[in-house]
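Okay, structure first, notes after.
For clarity, chains are labelled A, B, C and D in written order, and residue numbers in each chain start from 1.
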Amino acid sequence: MLTKTSFKGKLTKTEDLFIPFIVAGDPTPELTIEFALRLQEAGADVLELGIPYSDPLADGPTIQRAAKRALKNEMSLTKAIELVPEMRQAGLEIPVVIFTYYNPVLQLGYDRFFELLDENGAEGVLIPDLPFEESEEIRKLASERDVEFISLVAPNSDKRIKQIAEHANGFLYCVSTLGVTGERNEMSADVLTFIKKVKEHSSVPVAVGFGISTNEHVNLVREHADGVIIGSKIIRLIEDEIEAFKDGEEADALERFNKSVRELVK
Amino acid sequence: MLTKTSFKGKLTKTEDLFIPFIVAGDPTPELTIEFALRLQEAGADVLELGIPYSDPLADGPTIQRAAKRALKNEMSLTKAIELVPEMRQAGLEIPVVIFTYYNPVLQLGYDRFFELLDENGAEGVLIPDLPFEESEEIRKLASERDVEFISLVAPNSDKRIKQIAEHANGFLYCVSTLGVTGERNEMSADVLTFIKKVKEHSSVPVAVGFGISTNEHVNLVREHADGVIIGSKIIRLIEDEIEAFKDGEEADALERFNKSVRELVK
Amino acid sequence: GRFGDFGGKYVPETLMGPLQELEEELNKAMDDPDFLQEYHDVLKEYAGRPTSLSFADKMTEHLGGAKIYLKREDLNHTGAHKMNNAIGQALLAKRMGKKRILAETGAGQHGVAAATVAAKFGLECQVFMGEEDIRRQELNVFRMKLLGAKVTPVSSGNGTLKDATNEAIRYWVANCEDHFYLIGSVVGPHPYPKMVRDFQRVIGDESKQQFLEVEAELPDRIYACVGGGSNAMGMFYPFLEDASELIGVEAAGKGIETSEHAATLTKGNPGVIHGSLTYLMQDKNGQITEPYSISAGLDYPGIGPEHAHLFQTKRVRYESITDKEALDALKLLTEQEGIIPAIESAHALAQAFKEAVEMSSDQTILINLSGRGDKDMATLMQHFQEEE
Amino acid sequence: GRFGDFGGKYVPETLMGPLQELEEELNKAMDDPDFLQEYHDVLKEYAGRPTSLSFADKMTEHLGGAKIYLKREDLNHTGAHKMNNAIGQALLAKRMGKKRILAETGAGQHGVAAATVAAKFGLECQVFMGEEDIRRQELNVFRMKLLGAKVTPVSSGNGTLKDATNEAIRYWVANCEDHFYLIGSVVGPHPYPKMVRDFQRVIGDESKQQFLEVEAELPDRIYACVGGGSNAMGMFYPFLEDASELIGVEAAGKGIETSEHAATLTKGNPGVIHGSLTYLMQDKNGQITEPYSISAGLDYPGIGPEHAHLFQTKRVRYESITDKEALDALKLLTEQEGIIPAIESAHALAQAFKEAVEMSSDQTILINLSGRGDKDMATLMQHFQEEE
């Protein structure tokens, strides 16, 4: 099983995973590196590094705002991947998954894309608008290049769950907006059934994401899945400090950020 | 011939007629009486007394304005006819033709209309929107009551000219916008032919109206027709004095009016 | 030239010649199969006829009474029944060798129709429009100009439709030799009321055939709004000899008990307006009074003389509907059927809806949807946003 | 789900299920004679089809080249070809038991069409519209609300069509269980491009029959404007196997040499937008760029994937027309034929007029007049009054 989740040997456990998401270049490339380190400190097992995109149709308003800020800094797919070695140099050890919409990859070309991942030491890739049916070629290439191609599965994936889960690499991203958003403190039976079904078919850890924003949510997910993915909430913690970053109070702000993340996943 | 143009004996000549038009109640009923007298002084042979109407579709902007002023004074067909005895009392001797659109007559009813004409001593009637074909009944009634029913004939009346001219009473009103408006100082051959044709068939004097506004026009018409009808120009002479009337300089204004009319028909 | 007691030619002598010429040419044209063929070809290939007959299933269900059908004159090119008549008269003008047409307009719908056919048939077009209406209907003025027409502002009177019509007639008097006057409704001197009816009867002719196809019998009741009354005459005329009850709906404005309405038959009396003996709104001295309706197309103090005749003979029942009732009906039809009717047409709808609920589900009614509501958006926005 | 290299389903996993369900139901429906009958009945009895084929005699004479025919989609209920597709999808939504539809809109034309069919078929309707567009198209917003639709402002991005579409897709992701997403053009993930084409092909099918009736042979060239490209696909599709040359006309805005245009095929390159692999306008990093056209309906950075395929295979020739050329063509058609076209359609007219003069009088061309210009009056007023 670990062979399928190795992330080039950098992922050492398959349970209780904490997988945070940040957007490259939000609010600056330098801070992105800092956030990555603080998240590692707070216990992150894998970093999802988001590429800002003009038309992020799978994302809510928080991540759209982050993308907009990052695009103002002219962040691109190439530049984002090139941040990875800088992170490494600064001390990042956990595997990095590049989260990007399909079009920037398409414009770069698969060859150049994988070359970049390889050169810069990014271990995984996740493309939210490239479903199983459209991803055969890239999955094959990823496998050849030893890059983890992360798949998503949704409660309405239905009979596709088995297909997707059986082909999963790295970890399996369960989209679960139905159960854990908002104020609820327990998962609906439907979601539990869904996660259970995914786990049945999956040979990689099953992580749950979308809408996880409190420590209660986190612990609820931990009970049933192998990992928790946190995106918008992390971005909002960054947004909370935007003014502080502007005012040059970087060290304090990063400290507060780190503390908030620790609270979230304690 | 004079039997057909007698106006109850008040029209004593059949040539070189001057037939001015004023609107009853413009700008006040009292001044209407004064204008009638000044026009008689200036040589008028017949007075056309216009009834103000909401929708005077045979009239140009000048007479429309006059009608609007008169309607503000609540002038009506009945009140206008009732001005005639006041004019007589003040010294008016020439025959009076009531110029009215058809609808007010219709609302009054033929019986009451002719009763009013008779009671108040108006000698004629002219209804510009009641062509020959629609006027059989009223012509018959007028004839019975010894009222002159004035008919109009136009250059494009064509074969109707004969019919209209042969049934004419009082005088025949030739509508002649084609020949004498504006700056021209001679009549077109067409208009001359038209007037000639009308005179051939008419047993009453043939008067020409519409657009006569200078002494040159007047003299041009006199050469070829039995009479000249002047409407808008007279109204404009009244308009020239409107402010003077408002300021109470009545006597001077009427004197100027009389002088202008004399110039026009000299 | 009469419909019973009504109609006639109450016009200045100068127009008698042109009217006679028109009548003669009209009679020849209407007997000429080539002319009729061309007229019907243009209706089909240019104006989009036949217009649909729509069964208003949701509306019917909502009211729970008679089955409701709509004759969709809103689907005509330029958005209303006006086009049928404008095409007919433009073809006649062409046949008569006239190179210039003139027209009066209130809200601008007939002006747009006239400008449209003038462009299509290569005629010059001059449209008389009251200054007040020009201000209120800026878009339609622009539309007419874009179509190449000249729009002449009329400042006399109150600067509305009645005054524009007077001015158009005056202009025609002075220029009748080479101008064809394209009147927009079944009003004016003979032969206009008859001619316009004959160019609009295609509405009723089509409706009859379409209705028989779907229901195998004629409608129990037929409704149409009446300003001048051309859409109603066009709809009613082919049914005059049939058993269908015919209902003309006037504008009651702010209520027929007020002075602000345009309910000519309901509240007016006979008289002469724009060359024709008919019913009109007037004071005791025979001065024509200003009508009022939220609907520019019904805001007219007269009515076609044939309607006066059908009123007198009781062949058609005439009702009146207030601004508010019309707007409510407009909103209801829009929500139920996805069709935004002209406010004019909404008067017919309102009366029909009132009566439909009292009728049984095996009865049928047909409503002439004379035009689309796009032109009324500014009015509707103002009204419904005030209401909020 | 592909047209050659183009098309596909580039969507979040959550939409794969709904798309599959849609595809299955669509296939069943299109094989069901009852469904097709209902679709065609509604087109006839509600939307006003068949639309006319008009011979533009004066325009033809004016240019002195090929004979020019116009397919009159402007005569559809609500004024454009959008209605054909909205009816088809609404009937499908009903068949699938969906009670709610959602739609994106730019200028509001598709939003109005969606709100219209929602009213007609008793569905709830939510329309996503950019905040900027809401400001610019106040009347259409009011129209949608009057029809009972909810208009949701979209503030992300630049607040225009692209953003409204993104937001509609996001909302659909979260609510796909009971919502039917009614896309307005031949764009989006499979099966939308195919479905919309199949609901629009009635344009080409009718045109073919009508053209054969009057000319006894097919047109030499057929023109249609292309934004997303639904009116063009609907017109072209039935002619793909015929000899007629097909010409799609994109918006060159202020010129394809500037950055302000929407000439996707002329200047863009392949990529993924709104779930589909096709041509689009993007920068070197694959970020989608903002298009520009005076015509709201052509102001879209992508194009239907089938067009990308027809471009690649050269079956269709694609040209581009600037704002100014389109406006000139609009004015010319208005003056010559009394038809005010939508600015979108004027792009097709402009290209056709350019070519018609070079053609001989025994050749024929057919232009798809996709919609009427009423919606564009404010833009036109501003433009032509500035010009004066």
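Note that a residue touches a chain if its C-beta (ideal position, glycine included) is under 8 Å from a C-beta of that chain, and two chains touch if they have at least 3 such contacts.
A quick map from chain label to UniProt name: A, B = Tryptophan synthase alpha chain.
Treat the numbers as computed from the prediction; the structure is a model and nothing was measured.
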Between chain B and chain D, what is the gap in Å from one C-alpha centre to the other?
66
Counting in whole Å, what is the centre-to-centre distance of chain B and chain C, each centre being its mean C-alpha position?
38
Can you give the whole-Å distance between the Cα centres of chain A and chain B?
97
Touching two or more other chains - residue numbers and ranges from chain A:
none
Give the residues of chain D touching no fewer than two other chains, as numbers and ranges.
none
When you draw the chains as points and link the ones that touch, which shape shows up: line, ring, star, complete, or other?
line
Contacting chain pairs - touch in the sense defined above
A-D, B-C, C-D
Residue numbers of chain A touching chain D in their complex, please.
53-61, 64, 71, 76-78, 101-108, 128-134, 152-154, 156-158, 160, 164, 175, 177
Residue positions on chain D within touch of chain C in the complex are 44-48, 51-55, 58, 72, 74-75, 77, 79, 115-120, 122, 138-139, 142-143, 146-148, 331, 334-340, 374, 377-378, 380-381, 384
Contact residues on chain D for chain A in the complex?
8-14, 16-18, 156-157, 162, 166, 169-170, 173-174, 176-177, 270-275, 277, 282, 284-289
